[in-house]
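Heads up, the next two complexes both have chain A, just with different partners, chain B and then chain C.
Coming up: the complex of A and B.
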């Protein structure tokens, strides 16, 4: 908060970063500029108390060209994609889609966000799809703990879930796994050629 | 209304592991109601929240691939998990209206995308295709005296133009289905709030707060139990409940049922086949107290 009050914002054609706004609008399919700051998104946001910038301020910062502050903060990674904001916006700004676009931009740039656990979880989740075709919850949780250095996280939960049959020790790969691998490699190829964002 | 109902079935990853009682009870219920359910062979993960969070094209391509696989099986696509349902419907919606995204996805899956097959959540099939009246008639063991807090969470109803399951801010489909079994549903404040979803892995503190509020609200409303239609909501409300009790000092002991578990019980499916034993909060004392088992 302190930071925001004390930072002088200079507005000009250059500082507005219209190029970034257009990029977000193209990726998300939603207008950023239409937001008039009614604050309804933040009022209904279940994750607002975990965010450094509330949802309406995220939009305002982007409108003002301050995207670096948005991408460096943790707010975009603390969005739960619950779609409440997009549902209630009186101006049809699809903020949930804008959040997806911002995360992608930060992700692709290997962004400087302070929030690393959520990104790690996303990475492992997607890797599981690539390797197995489906989610493998046991492996997801175990690898997350190791990679995030939280070896004791939910230690008591594992055996309990195993005994209830809710976690499987072994996981079979999809028979048609090669098809998923091809989807991943085609997308990579398309991006190399500039055919896809 | 068709007399013979047959569906292709996309269970989703959770229903083969942490949400297996949802799968078991859905199959049991559909069998009891004589509704056909045939699993799509070799389906893939839909990508869920992590994929669309950082890579929309991947998310759309994974769902388009699943829709292609589903085409090989007859009948509308029945989906149990609220997140899979949301992703598949979002894909149909986005690719239907956006030409350039559709072309990219077609290039990624190296096939034409097929958007024709209707994707339906189990609730929709039970309430609309099968019908509340028939459901009511199929009840052999009414759930009289059970006070239920039906919990929708996020993705069954939001955003308005995608799932189109029911009204976004004031849905009643779960209440209608449950009341057809003779159960009582309580009005309560948190039925559409987010449970914290997949933060259960990365930031469990978020889940403890959000799910804690939901449990407190259900208790305030005088509910005996919660009913859900999403394996992630279930995991947070059931598996994390003890931790929430320890953190807040509140006592809930509130069983969290999948909607198919209670419907199947009411339609005479044996309780042994409904996965009650794999729930973390033991539902047996409540079911015994209400003379339901």
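Coming up: the complex of A and C.
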């Protein structure tokens, strides 16, 4: 993907995606326009040093309807959801909820954020739960390494974890898998009705 | 005089920190003529003043030196105390050992020596002081207001409602000023015309107000309570007494295509015109520069159609003299001009914004006329170039303001708010349009102001971009605005249909000339200076002259009205007395020695020196001498310094006193 981080913004009613602003506001339940860029969120963010766009700039980009710039960055995936920003914001902007909403939107859009494997990890994580009713770490690690193309990633940790019993070679299925399935189908149901994001 | 008391103040620690006050008191006791000396922590406090009064009685003091702060600070306090103790107040003098000594020195020994010297000088002066009696002058209870904008109107109505006569002078053919040009006003969005025009009518109908429109101040003479003003009434070419304001002349005038200045040249007017339909007075004026009759003598239609026969081509400029006791200056502002050679300014405008040559780049007042229901478009917002409705409008704040390079380092104060208002007005009229604002800071202090600005963003969806615009240029029928969003850190480019520049507020052209006529001070921008920024914000340093509105500095309507009412209150305070007491520090001519060269008359800045004829008993003229009118003299001492025969002396500052002071050193 082209690095759009520093390229010029051409603002017009066409390039400012108002629908995106409304979507984020609806999903997060927080106003985006209210932010006046004091920078307090970025000042207290523990993950700021890992982010390409600081949290305040994320809000600013949403205000300008720049959805591609927001979703292409890695910031939303590095957010630890610690909610420091939301707690301290002088304007009651719930930035943690906005970050959540952005991750959701990125997921749905099959995000332009390919540089981050967080989304892949999240997907595999949920799939495992769907399939086994619980987490199967060995499979998660193996499939993640294969799909992300990093075959040897953290390989040397394996034996250690195995010997301490933190990692199982074979999965053990949840006995009440039907219940888990019910949860997933209920959420699907709600989504269809529009009650869940 | 040989019974002098010296009172030395510690001023908390302000003086005693660097000056050994006890040592100064000790030294003072040794000075010739000093009977009593003491020091005290706060001389100006009630116990301090009591101490002074007691000492006067106990030691039968005949003169007082208070060694403390500047006489500008507390001279009045101590002179009142001296008077209460039964002394003539002008026998009390202050030795400034704070501003002139303790505050500016570190070395305790040297500072103490200097303080002693200062005290000694003042003791010598007081020894030769004479009792002075305050001069009383009559007060003419009539006020002159210069400028008929909202400030002048408010001040005029307040003073007139109090029962005093008011003379209101306005340069333009109608009163109303800039406020009459505005569409709606922040932060309540009420229509400017609706709140303004009734007040204008109040002015013209008020029995106590004399209105001179299309007039200018020619000259100002006199002093507080007794000003004599010469007003030049420019030839209107229409007899105001006969004209009924029917408007037939304006309809029939063949010259129809003269740009209307009131509409910022967006609309047209005839050569005989009223600036706007609600004008007060509703009497037309002939613009002699554009009138065919005055250009080649070949028209005269207006005179033929005028029923009452009010049109008078022969009318001449007229000089009127008015006697007033107080003056309120309310001359208002103009907007910064971005053209290459702004009128009356050496500083170039904004080349990067097209020097005013791009038709769709306009200033804030032009936008007001576009948005005004009584404007040239009837309130429809269109582009000046092709009359199309703009769908993307970019507003740029701080054009000229806070730009040292343009010679203006101040904030124009109203632009943040009126730009927020403009975005709202635009959104209310063009629902599918988008407003963008480039701003450096949003300054919205004021009641309900910040909420108003936030409303523009949160509810009216104006896009505010922090960062100054670098360039504006024409591209096809669009105007491209290049800026930067410093919150994102990237460049921003907008292809706009219309660009509105919030240009800086400057004093009116000719503000400096008027100030020179009035004898009031002004700053480097030509804004008039108040006597004290905090404690005397509506008074000039020149007594009897007061300030109201944007002529003193950029101001919004609420602030302007407040200041105008405050100035009116000051005028009413002055008018509450029949006689005015003035300090008797005035020059006196010793007629025995005066040779009548009248060099003093030439140098007197206040016009206080007159010629006086000395005659014998038969009425034969012996010689002419100078005479200083004590009512006019301001006690500057220039005549004393000029007089070649040493026959002029300033009371309280005689040559003898000054020499005695110097001899102590």
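Annotations for the structure displayed:
We take it that the second predicted complex is superposed on the first by the 163 of 197 C-alpha atoms of A that agree within 3 Å, B and C clash if a C-alpha of one lies under 4 Å from a C-alpha of the other, contacts with A are read in each partner's own complex, and residues count from 1 in each chain.
The rule we apply is simple: contacts are C-beta pairs under 8 Å (C-beta built on N, C-alpha and C of every residue); 3 or more make two chains touch, one makes a residue touch a chain.
Everything numeric here is computed off the predicted structure, so don't read it as measured data.
By the touch criterion defined above, A:68 lies against neither chain B nor chain C after alignment on the C-alpha atoms of chain A.
Contacts of A:9 after superposition: chain C is touched, whereas chain B is not reached. In the overlay built on the shared chain, the residue A:181 is in contact with neither chain B nor chain C.
Within the superposed three-chain arrangement, the count of touched residues of chain A is higher for B, of the candidates chain B and chain C. Applying the stated contact rule after C-alpha superposition, one finds that A:56 touches chain C and leaves chain B untouched. Of the two partner chains, chain B is the only one touched by A:133; chain C is not. Touch criterion met: A:34 reaches chain C, while chain B stays clear of it.
Within the complex, the chain C residues that touch chain A are 391-392, 434, 436, 454, 457-458, 461, 463, 465-466, 485, 487-495. Across the complex, chain B meets chain A through its residues 13-14, 16-18, 20, 42, 44-45, 47-58, 61-62, 65, 94, 98, 104, 107-110, 154-155, 158-160, 168-169, 193-194, 196-199, 201-204, 206, 209-210, 239, 277-280. On chain A, the positions that touch chain B within their shared complex are 27, 29, 46-47, 49-50, 78, 80-84, 86-87, 94, 96, 100-101, 103-104, 107, 117-118, 120-122, 125-126, 128-129, 133-135, 137-138, 140-141, 144, 153-154, 157, 160-161, 164-168, 174-176, 179-180, 182-184, 186-187, 190, 195-197.
Those residues of chain A lying in contact with chain C across their complex are 5-13, 16, 31, 33-34, 36-37, 56-57, 60-61, 63-64, 66, 69.
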